[in-house]
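In the two complexes that follow, chain A is the common piece, with chain B as its partner first and chain C second.
And then the complex of A and B:
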């Protein structure tokens, strides 16, 4: 979308008066009102988004505790990060989160979208229900899932118990906590993927599917050879967005396990939060942020490249 | 219609569309920016509004709010009010630092003795000795230990907070479970062996699985860390030597204490790691003995839980428990003239802290309050708060008053100590390896201080 101020400037630049001035070789006066309109967005964006990025990059090379001047220490924070076992643990965890959550959200989102797209009775209600978790805050999601996943009194373990499965320590065991947080995250993130895929499904021309049906293609064959190829651009977007979102996972971790036990469910952002807010080491936290930024950038580029190749 | 087309505003008045746009944009700019142009903190000279930040969000927070209301009520004709703002405890220091750096610090707030060395060193908190004299705060009325705890020997030994309450960790015992197990509530456990026996008697199992902890613990976070800290100190371990030069004195005792905690889960089976919210578990009767601080009493009493508080058992060679002192600290202002008015308010809150230390939390640091005839009968029943008052006699596991103090504290779920020990509780690290890490990191912190 073009910024409104630019449109105003363009309108005035192409007005008869402007055209006349241009023909006479005069320089069109700057229409400052366009910049005023842009400023309402641009100034806060520069101030609260762009400036902190530059400042954070600078702070990453310093030791700083808010009070006083940052002390330049070069690459020391990065060196420390590479020696910090908790950083490696956090990055290992986030890879595992991505391995569980991204396919989980994509496959379930696609399944729900295919279901709703059939237009069964109450599919409107199903659409609302599938999307609903996405509009609930992460804190609420976290608290609800802490209750559902409680080892002794949780809903899920009660259901599993009724079919003879022993209680699973979803959030209190180092072996399971990451899975517990992932389940809640999939439930939370599903809505957006579902809506995007449903919209894409509804855009597929009916005659394509009908033609495949006439040619004798079964439901699986239609899905594999007709529907999925049509969905590829949206699937690519869903996977990319979900991957980025998962690499930045924080709220669920903070509310449900606080990264424990023994860091088994921590994530880079959660560790960064601990370093910055609990320990007040802003330089070190900024260095971690830059490392995460580089990882997200690389993963996204590689993933986009792979999907493009597959196309 | 182009931007120069006239717009009719009223009879005989026309302006061009461009003029309307310009005027609107200018008005909007002024309207949106005006609130921020003069946004340096506004303190009306008269009446005076004192800004107070608090993190008290447990049941003690309700009592503190009553204290602030009482101050405002008592001063409504004197033009002084306190405006209290709640700030999450975990983010408290960060927000105070940021507010001070931008010249917008609150006037006063809550602090924990021994944890504010960095703030004192950076000049964020204000030394209070002279201000206390100026407003007539009766320093002699405070216990000597509370005044000592409010100072930082490494930073001029000035007093940086006005002590408000003395707290310790003591076991709360569910009396319904005691009756059910046929135990005598008048003879609560005094030593480590008694404690395990009581724990076993009240633990409920489903096969090999603990479904109700006799000794309520969690598998990670604060509870196992603070338990280790208390037991280790009882066994002779010291996080730092008295001269603050040597870290992890007597590491063998620290390792034995880790083993003691592990045995609660794995050998004695009186605790389960599968507890997500320890406060809720005890409150709903899913734990029998739970050591915690006096900040929980108001909530448990309010919900009608049948419980009592007892002395922390002597598990090691000495009976000791965790000590925490809450106090009010003043933050540096761009206008130092505000400090005196703030100190007067803090003096009032301290002088009138009877409610706070009978219903809110902890024992009073002031002799004049402790010696009142109604101190034991007012507020919550003595059976639930008596141990928190009498227990102050052996509550001497203090914070380490250095800049890196928060890395040493045993009451934490996320500091270096807690994270290091989590590996032990989860079985991914040996006690010896954890102790070696603690020793190295803490020594480095002391050396750098």
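And then the complex of A and C:
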């Protein structure tokens, strides 16, 4: 199976084998001009992608309101975060978001990819329709779904009402707001998982599936014993990417509920935004961002570890 | 009937799956249909007890109302930001990708690794310190602030490097023998042949820029410097207030205008979108 995507490249590039390969390298003369070619990209990269990480780490250890000078306060911001119930709520929420969105995107994405991969008539159209929501902005997703999820007149409650389900206050009650935002997020995010899985399905050698057919394997047995094992690397990449992107959930939350009611749909980044823009606590906001970054790194490491174990 | 199926490689058992799958695809696109449909309704026809997919009477008033907001200015801001940033990102990315694939110099592998490793850092970590820096130097609410931080998108380098790795060496050698320097080699020979990755990188990065939300939201304080997604986000009817509910038709007109460029780009250049994304596995 051909590995795909930057994550896979990253993993294979860091392997000892790759290091040995490049160390041996061809003994060609050095093209010094290469540094000039890279400099154009590297300069904005260092200024706007790398430097802010270090600067942000420093800011996280200070108390910094926009006016006045920053004051070094050590770990105070992090201590405060552990005592802040809004932080706990935001992190609890993001776990719930992940529990709903990641399986939702993965399972639906796999189902849609399996369907399109059959190559039935009009499957090109189906592919277009499944992917389309992925190319529009959070504002579009947010506003369209606020309208669809409207308690009294929304499309979804209208459809549910026709099968006898009473109106669900999707975005206006603390019990449901997180579910409402998750539904919109699944619709938005699915496209990426779908195209990655479809590309992987198209890479599976036809003979493999045909051989299983000849051996008398039914469609479910083929899926379970032949197709899914082949999809493993891509499935785990899809899950990792979606998990990271869900941990960072912000825009749709901001547009749809602004974290409410009573923080029930807030997320770490949404809280970071509130702390910075509404309360003007830039040091504290930076500390929250660093905390989320550490969580994301941990998740990635654990994910890679589990992957190796399972092999 | 059976002949029709056979010509398409289908058996009768496939028919219900086919119909079911296409219905799901239809349902999946329903929110877009509902968006456009609502945007063409009179506000008084929006809140109905039953679903009206096709408006009973059509109006473009909502679109007229959208233009009472500074939407032309927002569109202009979005275009200036997205076009400049995409052009720089694709050009610089092509140069870096070409160098990483074709030139030999110490540290080449490490540089590429650092680029890739930066993808592990979520942009949310960088926005707060960057906002502080831009405020301090007095660049908040400016085009520089909107454009500069979005230039270095590693996806561009990645897609060009992968392409140039399989670039025929003969062309390069012929050019060198002709006495073409590295810049002429890149500009006149390599770049014109890199049409496919250039289109893929351009459409994907343009869409990411056009849709970008968090950074423009943070760094624009003036109404006149907002970008489209940030400006239109304020159309959200405040949930639960009845007066605002009337605003759904205008809000849907706003998001129809906002989604048009990316949807049209996607429908026209779908192949490049899907190839680029499945190669890069990127996520905004």
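Just so we're on the same page, the second predicted complex is superposed on the first by the 278 of 311 C-alpha atoms of A that agree within 3 Å, B and C clash if a C-alpha of one lies under 4 Å from a C-alpha of the other, contacts with A are read in each partner's own complex, and residues count from 1 in each chain.
Here is the rule we use: a residue touches a chain if its C-beta (ideal position, glycine included) is under 8 Å from a C-beta of that chain, and two chains touch if they have at least 3 such contacts.
Here the structure is a predicted model, which is why all the values come from computation and not from measurement.
Superposition of the two structures on chain A leads chain B and chain C into a clash.
Of the two partner chains placed around the shared chain by superposition, chain C is the only one that A:133 touches, whereas chain B remains out of contact. Once the two complexes are laid over each other on the shared chain, residue contacts for A:173 go to chain B alone; chain C is not touched. After overlaying the two complexes on the shared chain, residue contacts for A:120 are found with chain C alone; chain B is out of touch.
After overlaying the two complexes on the shared chain, residue contacts for A:146 are found with chain B and with chain C alike.
Legend: residue contacts after superposition of the two complexes on their common chain; A:289 is shown touching chain C, with no touch to chain B. Of the two partner chains placed by superposition, only chain B is touched by A:274; chain C is not. In the superposition on chain A, contact of A:33 is made with both chain B and chain C. Of the two partner chains, chain C is the only one touched by A:250; chain B is not. Once the two complexes are laid over each other on the shared chain, residue contacts for A:91 go to neither chain B nor chain C. Touch counts on chain A: comparing chain C and chain B, the chain ahead is C. Chain C runs into chain B after superposition on chain A, and of the options 253-261, 271-279 or 361-369 the stretch responsible is 271-279. The interface of chain A with chain B overlaps its interface with chain C at residues 8, 33, 37, 40, 66, 146, 150, 152-153, 171-172, 276-277. Of all the residues in chain A, the ones that touch chain B in their complex are 8, 11-12, 15, 33, 36-37, 39-40, 65-68, 86, 146, 150-153, 166-167, 169, 171-174, 258-264, 274, 276-280. Those residues of chain C that touch chain A in the shared complex are 8-10, 14, 17-18, 21-22, 24-26, 28-32, 34-35, 38, 46-51, 88, 91-93, 95-96, 98-100, 103-106, 108-109, 111-113, 115-122, 124-133, 135, 148-149, 151-152, 154-158, 182, 186, 207, 210-214, 217-218, 228-230, 232-233, 235-237, 239-240, 245, 248, 251-252, 254-255, 258-259, 262-263, 265-267, 270, 273-274, 277-283. Partner chain C is touched in their complex by these residues of chain A: 4-10, 13-14, 18-19, 22, 25-26, 28-35, 37-38, 40-42, 44-45, 47-50, 52-53, 55-56, 59, 64, 66, 112, 115-116, 118-122, 125-133, 135-140, 142-148, 150, 152-153, 155, 158-159, 171-172, 187, 192, 195-196, 198-199, 237, 241, 244-245, 247-248, 250-251, 254-257, 269, 272-273, 276-277, 282, 285-286, 289-290, 292-293, 296-297, 300.
Of all the residues in chain B, the ones that touch chain A in their complex are 2-3, 18, 21-22, 25-26, 28-29, 32, 90-91, 93-94, 97-98, 100-101, 118, 122-124, 209, 211, 218-221, 272-277, 286, 406-407, 413-416, 419, 422-423, 425-429.
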